[in-house]
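When the chains are written out, they are named A, B, C and D in that same order, and each has its own residue count from 1.
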Amino acid sequence: MEEKYDDSVLGRARVQDTPELEAYYKELEGLGAGALWTVANDIEPWEPRSSSVPMLWKYENLRELVLKSSELVTPEQAGRRVVYLVNDKRKDVSAAVGWLYTGIQVTRPGESTSAHRHKASALRFIMEGEGGYTVVDGNKIMLEVNDFVITPNSTWHEHGVEEGGKTCIWQDGLDIPLVNALEANDYAVYDGKQPLVAPVNHLPMTYGSSAGIVPADIVWNKPYSPLFKYSWKKVYPALLEAAKVNDGSPFDGILMHYTNPVTGGHVMQTMGASIQLLRAGEHTKAHKHTGSFVYQCAKGHGYSIINGKRFDWKERDIFCVPSWAYHEHVNLSETEDACLFSFNDLPVIQSLGLYQEKEHPDGYQKID
Amino acid sequence: MEEKYDDSVLGRARVQDTPELEAYYKELEGLGAGALWTVANDIEPWEPRSSSVPMLWKYENLRELVLKSSELVTPEQAGRRVVYLVNDKRKDVSAAVGWLYTGIQVTRPGESTSAHRHKASALRFIMEGEGGYTVVDGNKIMLEVNDFVITPNSTWHEHGVEEGGKTCIWQDGLDIPLVNALEANDYAVYDGKQPLVAPVNHLPMTYGSSAGIVPADIVWNKPYSPLFKYSWKKVYPALLEAAKVNDGSPFDGILMHYTNPVTGGHVMQTMGASIQLLRAGEHTKAHKHTGSFVYQCAKGHGYSIINGKRFDWKERDIFCVPSWAYHEHVNLSETEDACLFSFNDLPVIQSLGLYQEKEHPDGYQKID
Amino acid sequence: MEEKYDDSVLGRARVQDTPELEAYYKELEGLGAGALWTVANDIEPWEPRSSSVPMLWKYENLRELVLKSSELVTPEQAGRRVVYLVNDKRKDVSAAVGWLYTGIQVTRPGESTSAHRHKASALRFIMEGEGGYTVVDGNKIMLEVNDFVITPNSTWHEHGVEEGGKTCIWQDGLDIPLVNALEANDYAVYDGKQPLVAPVNHLPMTYGSSAGIVPADIVWNKPYSPLFKYSWKKVYPALLEAAKVNDGSPFDGILMHYTNPVTGGHVMQTMGASIQLLRAGEHTKAHKHTGSFVYQCAKGHGYSIINGKRFDWKERDIFCVPSWAYHEHVNLSETEDACLFSFNDLPVIQSLGLYQEKEHPDGYQKID
Amino acid sequence: MEEKYDDSVLGRARVQDTPELEAYYKELEGLGAGALWTVANDIEPWEPRSSSVPMLWKYENLRELVLKSSELVTPEQAGRRVVYLVNDKRKDVSAAVGWLYTGIQVTRPGESTSAHRHKASALRFIMEGEGGYTVVDGNKIMLEVNDFVITPNSTWHEHGVEEGGKTCIWQDGLDIPLVNALEANDYAVYDGKQPLVAPVNHLPMTYGSSAGIVPADIVWNKPYSPLFKYSWKKVYPALLEAAKVNDGSPFDGILMHYTNPVTGGHVMQTMGASIQLLRAGEHTKAHKHTGSFVYQCAKGHGYSIINGKRFDWKERDIFCVPSWAYHEHVNLSETEDACLFSFNDLPVIQSLGLYQEKEHPDGYQKID
């Protein structure tokens, strides 16, 4: 898939080993040093290089195992009862792709976790159930299927399902691998339950305005979205409305970012999230870009071609697209739209000046 | 209303006239100069000082005259058929209060203005009619009663009412007096009608999301809101929703700013706008602050006390609150909420570091 | 000088008076209203329009009168002993040009003013003397000839000259007329002398680095420059250095803005300042732009042509360029450079989106 | 060194293995999944955890080997003739500490490299020689001992030493390991030599003002410092000046960040740099914080205690402080100051919200 490059040109390391050089390398090694030219071509690749592979996790295979975890362990024992999805090439860092972690969590009616916080940021996308809720820094927020909710870094948070609800399953997304890699993670346990600081759903009801208005008397100076919950009941109609008057992206159909309404930027500093609508029969063109992505199909069915391999998905299936992997999406229905939720590390990639993209030269990929 | 201050203290000018000084002043005057201490106490007041007076314009008095203008002059002759409201103390600058202009414009079915642009910024709030629209830089936007719409500085804009519509009346708000005072206004006439660059309502349908999502593939880097229209159909429910979970401001009830969804800030660089809900029977406390405000009652009836004087308002009445005037609002209904639309020069006052506010020492004003 | 425009075109108000209309206007007037088309062409000019005229104040005429003020009044009586310069067309607002105030202040050895503060911002440019100082929020800063220093809005400030110094004369620049016009000015007197909070010259020595380095352990979050003083001993060599490797602007020679080193922007929110070097024999091209400017010649001699009129200046002369007035500068020396200090309201004009400029169509003006 | 924490509390994973669970884990593994509680305590540490160890590289050991490389390989063969320093625990990513690479490069008079660019950012600190230069995007900049210079990501850059100069040795710092980890690096070779676009030293002479002034006619909108070179001739006097009026930090003495003069922020998006002065006899207190640091002693001699181990340094020695390692610095001279240059990944840590710090509970460390 990668373009062909030639390391025998001026400007690349082209040193042949000699006995004298080998002795020199030995000497350097003894001093905690090395000769750059022995590693330069490797650590300075011509194009971005990912160590992850594309993967798809079928919900029909996982659902039963996820539910079974609720028989095998209690929340008190497990902390959180989660089955996490791990990339074949990222087992060492427990990542689904790149530096992103994802898992599927189950909570039964009446259960709740204890509160904790960490420097890693988290988000969730609701897959099943009723009566689920999260409490973030004392704000209780009710959750329904396909709702997207954030628990930003260093906020106290806990989750649960009301007594009269139905077993809830949701996808967790975290940047634990990234924050560990950056050697900055931490963890703290809250002593007891958080007291609520505002009426239930206070923040989504205050900032989740359908009208471009925000409270005049509240100052929000935290580096994440005060909206917290992005309700599917509002998101899906907004997608349909936008689809009426926009052609969308050739690579992504109608692609909308969840945003922080007081900055217009990403919902958190380290992870972004998007929702996209593929119109009936739509087959997008292929491109690749930096940044790692985890998808969940929220509606419909279709497939994606990632680095030349076809991955078929339907509602609740989860798949990943590694950095710099060519990808294109297909909605297999000729009558219904399909929706893909995704989360990513774009805020990192963009704030560090590392974003770039490239169209596939042929428009579409050949399937290997 | 103003606190009592004493100019006889050290740090204020306290020079007595003498024949020698008078000769000196004469000499300075001949050189285009003066002695600061002769004007210092006047140009350096102890507290902010407004040259505007509070005023209220009753719609029942003005409506007929506004409609009559459509018999007296054509849009072709008049440019725009507008009755403007002028503060008794600001006639020299055609301002309703401070440096803000406001007027009431009428357009009959099938009529439209020619397109023009200017460095002054404009906004409108729809009072009556059906089928009204504005075209801003090639984007046509349909307007309904109580919708709020902006036409930012230097955008080409034109307005009209569709053939099958009903006579439309709306309030215009402009910063013409400010931009003239800052010696920066200009004007240009568009040659013919603007071609549309997107489907009708493209921008409000794209950015007016009810869900905190924005298009991933559109870059908006203009210094004003891409939403353009703030639809009452969405604004009023959002107000009601926020009212359920917020106590609101003691001075303003549930006060929400119209915002730019890609910055969280004011809709334009020189004028902001707000919508506020006074709950049944609510009587807010009095305060004063810098910045000039023009209000229109969008719903209900009540009164405001401004610098000790009572102004009764009902739907469509317009009134103003000058800078640093104490004001408090009362909803006279014990069962229905009341809504006040307002626009202001807060973006100017805030960006220049000139905002300050003060609670009334007694909580409420006495009516003079 | 202004381009010719025609008000008889579609898009401008072209209504002829009739008895019926006159009766209508009368009726509107009784309701605090008017017909927009009677004032529209006047309040919506084709190009920016200034009410100020270009003026030059010769220091040789003013110096003696400034010194004389120190015999006529004491600082205790006068507050500050200042001769202010007033534009022939802006006497009503005590402005030198546009909304900018300027004056010349004299302080004798051993004298000092009491401390005060106001919402208006101030700056000074030192013209003569030794041992002058200012104290801003407890920071004492020593001043020498051609130093530029700021006292931002709402900071406590006082000035004086040390016992062993020489009589100091400096130019004051303030935005008093603007802040009064925006109805936001205030004033307070400090009770006694300010205690010093840091060693003398602490801030300029900390932030006035010659090297692009700033203290790691000081957080500066005020909306103005922490540098406070811009020392001529550093400014002039920097101008010479920049002149070696830059062609400069065709309209201004080597023009450098004094900046806030923690933002790269203007030194204060409402006034900016610049220093410019005209190379030996340089004659710049003419342009006009929005924004008002007050100049002081800091070095050399030459003239400026402003709206077709020639103004000759030498060291310490002060002159003004109104908004949208064509201007060009000439250094009359064939061997020495000339330097012009200036301050302006560009931060206002730019932050409100009102800046525009235009080259003179002929490159240079004809002198009337 | 790390505080003691207890994983047996509620909120941590405390599940005991059973045959049933082991079968369950097996089943999950077959589906590319796992149980979170089996890894949770490991991937969610109580405090930040670094995989690097503190190390010091003595220049007296390395210098000869660095020079020898110039006999063993040519720049044409090697690309760049560099000995890189590698952390004992980061050999897999060629990093000196965390995700930072550092190396020592030698260039003889008359030699120059070919131009290239990459998404990784680079900086250099000059150790020895005369007549060295770098060319960044067509801007040639001359370098002297202790100068600090940047070559930001995706800029074309090449280095060399003038014919009449003396062999130059400098330290390179790059974020190659980070950009590789983020799967975003790339590389391109320039075809031939870059043409110069401005006079030599244009940018440092233009922006390196000693006076807080910046060119009015140059718009700089790139995300890195336009100053490029921070000259020791200006930096050291500025440090001395700041030291006269500042107490400095208890942990770092007089610590100044190199900054971007148009933002006040870090010099580049991914790496920052600082210079610090330890006064004669100074022994700073111990603290730890997130972020990785590489130091070079620019002047004097002393030692640092890092996680309880003493590292003695003198001019040109290089050492590293890993994330969350306690560290304190000592100047061993009782008469002379000592200066430490350092570069770091603070822009990453801070922009992602991951910075935190902690004082040592005892003030100072015990040496192990």
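The definition used in the following text is that a contact is a pair of C-beta atoms (placed from the backbone, for glycine too) under 8 Å apart; a residue touches a chain by one contact, two chains touch by 3 or more.
All figures in this text were calculated on a predicted structure; none of them were measured in a lab.
Using the mean of the Cα atoms as each chain's centre, the chain most removed from chain D is B. Rounded to whole angstrom units, the spacing between the C-alpha centres of chain C and chain D is 43. The mean-CA centres of chain B and chain C are about 30 angstrom from one another, to the nearest whole unit. As a whole-number value, the distance joining the C-alpha centres of chain A and chain C reads 52 Å.
Touching of two or more other chains is recorded for no residue of chain C.
Viewed as a contact network, the protein chains form a single closed ring in which every chain touches exactly two others.
A complete list of chain pairs in contact reads A-B, A-D, B-C, C-D. The part of chain C that touches chain B in the complex is made up of residues 9-15, 20-21, 24, 27-28, 31-37, 39-40, 43-52, 55, 57, 61-62, 65, 68-69, 72-73, 76-88, 93-94, 98-99, 101, 103, 114-116, 118-120, 153-154, 176-177, 179-190, 223, 269-270, 290, 292, 322-324, 345, 347-349, 351-356. Partner chain C is touched in their complex by these residues of chain D: 198-199, 201-202, 205-217, 225, 227, 230-231, 234-235, 237-239, 241-242, 244-246, 248-249, 252, 255-264, 274-276.
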